[in-house]
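Same chain, two partners: chain A is paired with chain B first, then with chain C.
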Partner chain A sequence: MAKRLIRRKTLDSLGLLFVAFIMVSPVILFFLWMISLSLKYEIDNGAYPPILFPENVAWSNYLKVFEENNFLLYFWNSVLVTGTATLLALVIGVPSGYGIARLKAEKSAVVIMIARMTPGLSFLIPLFLLFQWTGLIGTLWPQIIIHLVVTVPIVVWIMIGYFETTPMELEEAASIDGATPWQVFRLVALPIAKPGIVVSFILALIFSWNNFVFGIVLANRETRTLPVAVYNMLSFEQVSWGPLAAAALIVTLPVLLLTMFAQKQIVAGLTAGAVKGG
Partner chain B sequence: MASVSIENSVANAKQKRSKPSRLAPNYWPFVLPALLVVSAVIVFPWVFTLWMSVNSWTLGQPRTFIGFANYVRLAQDMRFWESLWHTATYTALSVVLPLFFGTLAALIFDAKFPFRGLLRGVFVMPMMATPVAVALVWTMMFHPQLGVLNYLLSFLGIGPQEWIYNQFTVIPSLVLVETWQWTPLVMLIVLGGLAAVPREPYESAEIDGANAWQKFRYLTMPMIAPFLMIAVIIRSIDAIKSFDIIYAMTQGGPGTASETINIYLYNTAFAYYDIGYGSAMAVVFFFIIIALSFVLLMVRQRANWSDMETK
Partner chain C sequence: MATVNIQNIQKHYGAVKVIHGIDIDIADGEFVVLVGPSGCGKSTLLRMIAGLEEVSGGEIHIGSREVSNMPARDRDIAMVFQNYALYPHMTVADNMGFALKLKKVPAAEIQAKVKRAASILGLEALLDRYPKQLSGGQRQRVAMGRAIVRDPQVFLFDEPLSNLDAKLRVQMRGEIKTMHQRIGTTTIYVTHDQVEAMTMADKIVVLHGGFIEQIGAPLELYDRPANIFVAGFIGSPAMNFIDGWVEEGVFRTTKGLILPLPQAVAEKMGGRDLVYGIRPEHIRASTQGIEGRVTLVEGTGSEIFTRLDAHGEDIACLFRERFDVRFGDTVFIEIDPSKVHLFDKQTGRRI
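Let's turn to the complex of A and B:
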């Protein structure tokens, strides 16, 4: 009797594993095919029926991307834009998330929500003109500034959620002992909120890195970020699939690695952020 | 630098405070920097957009005030109405399909089975992947002659499709990509809801002889309904503004068959440099999004209300 129950349970969980595998298979197939495309010569990429594992592996596709397309520069641009925009967002967003949570000013969070609802393009028209007039176009600053539209709301939003759940007692005790609000924030609230800061940092990083629309308007040949560079390869510079897929993989690999290593934090942050989002 | 100025402003604010109380410190200085940034990159552009929308202004030419003429032009612009229709279809499909598959995936990942954590990690990857990179690879997979998708279809006995290269299949094909990428978000939201579902009702339902479907329909569904609603709201807002995938794959084509409002807006402002008209379009687009969110929030409030009544 007990044996049969155990066998039944194993069967159930194997069945679930099978169904889950089918659900995940479009993801696996996509990334497998992406890798395959990036490692094949033109002849193999044009073959019918398609070849998944080529006989001759074309590592040279990756070299080509860097040699022919200035990809190192664009990679560095992406690092600078995303890095600066994310760090600035933490400096600005963490204290304000704290302030909003302590003020219980949920209404001001509506502003953040509206920022999420506004299409990115409607920020772009006026800021594009502003950057032209101030002569900032041609530097990375326009992109850094406009990426704050992405990063600041993420940080503020997640930090409000975190500071709302951290206990008030310690902070009250500290301020009775004569600590200024700034000291209370820095020495009491901030250390407790470290996990929240990590989550908001990771998510802001990812969404800023992936951003495309700001770049196509504001970047020129020298200031392109990676997503724009990849798009430009598609539209102008070449049509061979191998290097294109290699470039696509290079752009998205840092983000995918981050996703894998920080899966727990990301899932926690997204669920919290999303649930609060309603 | 920043910390010094904040401390100063904290001190200033302390002196000015009308009701001094040790237990209620002033938190506004914490919010101030973000408030400044928000007004610089969000509020200022809005005011400016509103102003430009009542002007006729193509970049490089003189600007003239024309009142609401841009809005009148918009109302008579067939291309705009078509893009509105494309946006509606695209959004509706991009909400419904991820909602269906995401809920299904959440129900599976809520159960216990080997390698669950690993598979869930893989399942979440598409929503984190760079949309342009994703679009690029899908474009190659959609290729009518060399694409792998037509090859896979041939196993099912389905003839080759033109996918994004045909005006009738382009929107469903784009939705396929959008669904592939954003189903994980719905899954995560619903999974969060399922985690909060208590076990006891299921036990008593089993004793009463309820089958799996009945348990899902009468127990799970009502309890995760608020989370489904959140998923609908977030998905609607994201799908209606979708840009990266559409622009990178079709630029609104073939012809204007996949031109959504957002793409038309981009073309108007940054391809034709018709800033005034583009601004008017941005304003109208924004109000459409606000209206949609408002309706969805109302539905949600209503749903909560009826929940309360039955309790």
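Let's turn to the complex of A and C:
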């Protein structure tokens, strides 16, 4: 009896693993293929039937990425644009989320969402003209400002969920203890919402880091971010798959590592507000 | 320490009135309990005193100050919440010292005051812990400590014992009472539990539907309830109410049950529709008198609670003496006429 139960349980978990594998296999295969591409010489990359494990490993693809492009400059651009846009989004979005949650002003949250849902291209052209008039083109500022369209809504929406689950009694206790509304926010609401701030920071970072369309329109040779740089490799050097895959992997790496380390918190952040008080 | 005067206080949400002009005078150092069923407005009233809820009309005075429109932080009160509302990111010591820190009291002084409050409540060993590392009773004590450290003019308690188990509730009830006797700060305490009200209060305010039903000392409410609501709410198990009228010196029901009355009352009450009230603990088992069939027996060891069917009327009795009684038995009970309460059937008022 006990044996059968154990066998049953093992089968169950094996089945579950199999289903999970099937579901994530497109992603895994995609990644494996990218790694394979980045480690093969062009001759292997074009071979038919395709080769997954090459006989000669082409580490040179990675070297090429750094040699033939100003890759470090683009990396630094990406860090500046994403870093500033994310930090500004926290400065703007966390208090906004608090205000919207406390005043129950869901309508203004919807307005922010609409700004996010509008296709970027529809306001990119007028904004490009605006940046040109103000002389900001050629600096990183246009990209930083426009990345706020991506980062601020993420922060605001996640923070609304977090602040809504903070018990009102805590803030009432603080105001009875003599705190002004600003002190209530700074000394009680904010520290309690720390996990939410971390999550919205990470998610905003990922979305901003991967953003392509704003960069392709607003960036020039010196102000490119990484996704744009990868795309440019495609257009200038025909299609050299090896270096391209290597570049793409290098761009993905920081975000990938961040996601892996912060997985638990990201899931918690995405489900915050789904379970009240949970 | 201060007096609290509540004058004609009203609260409405739009067209819905929840508190209809309440007056309460609370003396300096008094322990007042606001009690009533859920939805009676007791918590709303407390929150208005605290400044967490806007006042729709009337005035609240704490000491000589009119505070009705003052923000909560300026009222010099401390409040203990049902869920304790301890700041989860602060240690016990920081929780207790938070109010003083906001007032920019020097750190050394805060530490001394926190230590003193902790010693009153037996929290010295827990000062460095976080709320999530504490049991329910300990959290409750920290919440009280946070109030004591402030040395406020008034303590407010909002159903502070509701989340504790029965045994701890009795213990904390005693501790709160002891603390009040020791510190002597004016206290307003909200509960739905009439036992808490009876055991702790100097003065009980019974609220019902946004009106005050009666204000008085616990025993006064027990001995002379002003109306049927208070009579039924105060005392456990609840008072028996039997409809009927007075005729020929006794109380009669339509089903033919005859109940005794005090002589003086019986003579002047003829003809009116009345409600006869008798507490279960004022009924004695006897060998003669009113006959009833037992429909329920619950023994706790110290007492026996039974329900009887007497001429179709359901009567609850609480016997302190132990005797063998079972479902379906026929027993006789006697009622002490001096313990009988009579109420007007129309108005519900005591006669």
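We adopt the following convention: the second predicted complex is superposed on the first by the 268 of 278 C-alpha atoms of A that agree within 3 Å, B and C clash if a C-alpha of one lies under 4 Å from a C-alpha of the other, contacts with A are read in each partner's own complex, and residues count from 1 in each chain.
Note that in this section a residue touches a chain if its C-beta (ideal position, glycine included) is under 8 Å from a C-beta of that chain, and two chains touch if they have at least 3 such contacts.
A quick note: this is a predicted structure, and the numbers were derived from the prediction, not measured.
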Which partner, chain B or chain C, touches more chain A residues | B
Once the structures are superposed on A, label A:Leu148 by its partner contacts, choosing first (chain B), second (chain C), both or neither.
-> first
Applying the touch criterion given at the start, work out whether A:Val230 contacts chain B, chain C, both or neither, answering first, second, both or neither.
-> first
Once the shared chain is lined up, is A:Glu169 touching chain B (first), chain C (second), both, or neither of them?
-> second
Return first, second, both or neither, reflecting whether A:Thr180 touches chain B, chain C, both chains, or no partner chain.
-> both
Thinking of the overlay built on chain A, is A:Pro191 touched by chain B (first), by chain C (second), by both, or by neither?
-> second
Intersection of chain A residues contacting chain B with those contacting chain C?
-> 172, 175-176, 180
Which of the residues in chain C come into contact with chain A in the complex?
-> 50-52, 71-75, 77-79, 81-83, 85, 87-89, 98-99, 102-103, 146, 150
Touching chain B in the complex: which residues of chain A?
-> 13-14, 16-17, 19-21, 23-24, 26-28, 30-31, 33-34, 37, 45-46, 48-50, 91-93, 95-96, 98-100, 102-103, 105, 108, 111-112, 114-130, 145-146, 148-149, 152, 156, 172, 175-176, 180-182, 184-185, 206, 209-210, 212-213, 216-217, 226-228, 230-231, 234, 241, 244-245, 247-249, 251-252, 255-256, 258-260, 263, 266-267, 270-271, 274-275, 277-278
Contact footprint of chain A on chain B as seen in their complex = 2-3, 6-7, 10-11, 22-23, 25-35, 37-38, 41-42, 44-46, 48-49, 52, 101, 104-105, 108-109, 111-117, 119-126, 128-134, 136-137, 139-141, 145-146, 148, 151, 180, 185, 188-189, 191-192, 226-227, 229-231, 233-234, 237, 241, 243-244, 247-248, 262, 265-266, 269-270, 275, 278-279, 282-283, 285-286, 289-290, 293, 297, 300
If you look only at chain A, which of its residues touch chain C in the complex?
-> 167, 169-170, 172-180, 183, 187-188, 191-192, 194
